[in-house]
Amino acid sequence: MSAPETIMDELLATKAEARDLSFYYGDFRALKGISMPVHERKVTALIGPSGCGKSTFLRCFNRMHDLYPGNRYEGEIVLQPDNTNLLAGSIDPIDVRMRIGMVFQKPNPFPKTVFENVAYGLRVRGERSRRKIEEKVEQALQDAALWDEVKERLRQPAYNLSGGQQQRLCIARALATDPELLLFDEPTSALDPIATASIEELMHDLKERVTILIVTHNMQQAARVSDFTAYMYLGELVEFGVTDELFIKPQKKQTEDYITGRFG
Amino acid sequence: MASEHASKQYDLDLGSIRTRVLQMGGLVESQIRRAMDGLASGDLALLEEVIADDHRVNAMEVALDGDCSHLIVRRQPAASDLRMIFAIAKTVTDLERIGDEAQKMARMAKAIHERGATPLPPAVDVRHAAEAAIAMLRRSLDAFARLDCDTAQEVIRDDVGIDAEFRSILRQLITYMMEDPRTISTALEIVWIAKAIERIGDHAKNMAEYVIYIVRGTDVRHTRKE
Amino acid sequence: MHRKHQDVVFMLVGIVALMVAVLTFLTLFVNMAVDGLPRLDWQFFTNFPSRRAAQAGILSAWVGSTLVMLVTAFFAVPLGVASGVYLEEYARKNWVTDLIEINITNLAGVPSIVYGLLALGLFVYQFGLGQSILSAGLTLALLILPVVIVATREAIRSIPQVIREGSYALGATRWQTVRYHILPYSSAGILTGIIIGMARAIGETAPIITIGALTFIAFLPPAPIKSEPPFLSFDWLMSPFTVMPIQMFNWTSRPEAAFQDNAAAAGFVLVFMTLAMNGLAIWLRYRLRRNIKW
């Protein structure tokens, strides 16, 4: 069988790695000692039933939990190539978020123009050169396969776009700042099948340039878009492996039961 | 594969498909047996029956392939379910081919007996080979029903024996033909019958390999067995 | 059929209740208009009060009201908005902030005369600001501060959390998020709250009387622009003054019927100003919320 052997033959670099990561909402231990690699320029999918902790795990990567009181991290998430532990107390969450982008479940464009949406990340970083901003905005919209559809409408409100376009706008917004790692939190669960397909196609193109970590509750989507899949249950990492292998011949019975619909 | 799907209908659909695969297997097995009985006894009506039964076998193949497609569309099976459906689709093909071979055997037997007076060459080895092939078929169906890798492994090994028997039958018949040229037509028909038996053995071996794929997820086709 | 009857009965009760409220107001308003409209002319707006009813005008009153409103807005808006933003975006949510929230909401219900007493003691005497426009403005600012704070908080709370998360996820600091998102999107609600507060303040009488607004002012406070350097003067802040409600009060306590008409005319102007401010609030809300979809 060709695909799995090929991917394992490739030289895989690790972009990020969770090392014995645990997470607490107050006293409740939501993540239990997760260790997992995220390979560079590959798509890694997180699947599992509701409440298994996959979104919680995702949000550790860009320190989103820091926005709310009472949360605590244990363990490390190490980002390469500089071997930085993103969860260290000495690291400012703002710096982490400068390097790691996020796309949310429901498209959340700002109530501003299309242009302002994409340019926001650049403004926040203090970019003042108008020309530079325009260049980067166009580049980001091209990368998100949205440029042709919006180039005449850059100064119109973002809310005028369709759902699928809005989500691609959010992707462009995240891309404008050249993130090293892109986090997708169920990006297509609010979209129709055609919009979903266009986003999946986009992910396929994006992974040439940026590492992607995606949470999805749709197993078929994980099978379609990802190179590696991690199955989580009740805060633990049950199995991690090459996607094709995990879906054809999972190692653990728990994984097998989940993906074949045996929840009994 | 012991526990049940969250969807009862899924379990029922899958169960129904598996049952009908076994029924198809039973039908082609009886075809082989009746073809051999017809060869021995000269019962032309019986042989006609076997030839006609090919329609039923083909109909079952079409129906089962259709049901497999429906299941794939509806359930997007993964892991063991995926391997099961995949294996079933291929098993059905092999069973249909076995039915074709049985039909050929019946045709050859009918031709022999319609020709009439020429005494049959001693056919005892063919009978033995046929029994061995029927046993392989039955055991691979059994391995499929119980998802039993050990039985499947045995079936795979036994194919070697059938191949050896075929070669021995061939040698005997060549000798016979050289001794008495009047028996060449009949002898050749017996060779085709023996060849059909040998092919039946190969198909049964394929079915056993699929069982191992279902259970272990490893594809053991075209590899040497210890 | 019984259920349908209940429906009809309740609908009728509702309509009657509504009519009572509306008709009461309409009656008062129409009454006031009938008495007061004939008095409304250019002189009415440009004359000082006078012992002769026909020559009395509201010049000092409406100028006084305007200046007091300016001072009120100057203090209430930044303090109220900043407090609201701080409480919603910066402060940690614990029992202390809950307590503060309850207290602020309660402050909105404190009788206005209590504010007047507080202002008298604090601004007029303690700080020595005297019975001036500055004192009045500060008093009213305190009065409407809860309104502004609550309106700010409500407007900010209506912003969906995903918008904030979207901003933070791009590496923004808290101030950047407030400046580029929170404030712009809540501006409609904040402005509405400010205008509602001001509309209330313009009609407040008790606290103004308490701190000593005079009732017969036949002069205007000193002009803010002067012809000599430094060209800008703040003397008007410390000047004695009157406001519209007080002028009305003064006129209604005179026996002559003509002064009642004057009061009605002033009342009409006051109601008109209030309605105009509310109208402005509604229009602004519509304009600013056009792009907001929550």
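Read from first to last, the chains carry the letters A, B and C; within each, the first residue is number 1.
We adopt the following convention: a contact is a pair of C-beta atoms (placed from the backbone, for glycine too) under 8 Å apart; a residue touches a chain by one contact, two chains touch by 3 or more.
Only a predicted model underlies this, so the values are computations on that prediction, with no experimental measurement involved.
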Co-neighbours of subunit C and subunit A - touch as defined: none
Core chain by centroid distance, with centroids computed from Cα atoms only: A
Contact pairs, highest-scoring chain pair: A-C
Farthest chain (mean CA position) relative to subunit C: B
Where subunit A and subunit C are represented by their mean Cα positions, the distance between them in whole Å: 49
Length of the line joining the C-alpha centres of subunit B and subunit C, rounded to whole Å: 94
Between subunit B and subunit A, distance of the C-alpha-averaged centres to the nearest whole Å: 51
Complex contact set, residues of subunit A against subunit C: 62, 64, 67, 69, 94-95, 97-98, 101-102, 104, 106, 108, 110-112, 120-121, 123-125, 157, 159, 170, 173-174, 177
Interfacial residue positions of subunit A with respect to subunit B in the complex: 1, 219-220, 223, 247-250, 255-257, 259-264
Subunit B - residues contacting subunit A, complex: 3-7, 10, 75-83, 217, 219
Footprint of subunit A on subunit C - complex, ascending: 92-93, 160, 162-173, 176, 180-181, 185, 291-293
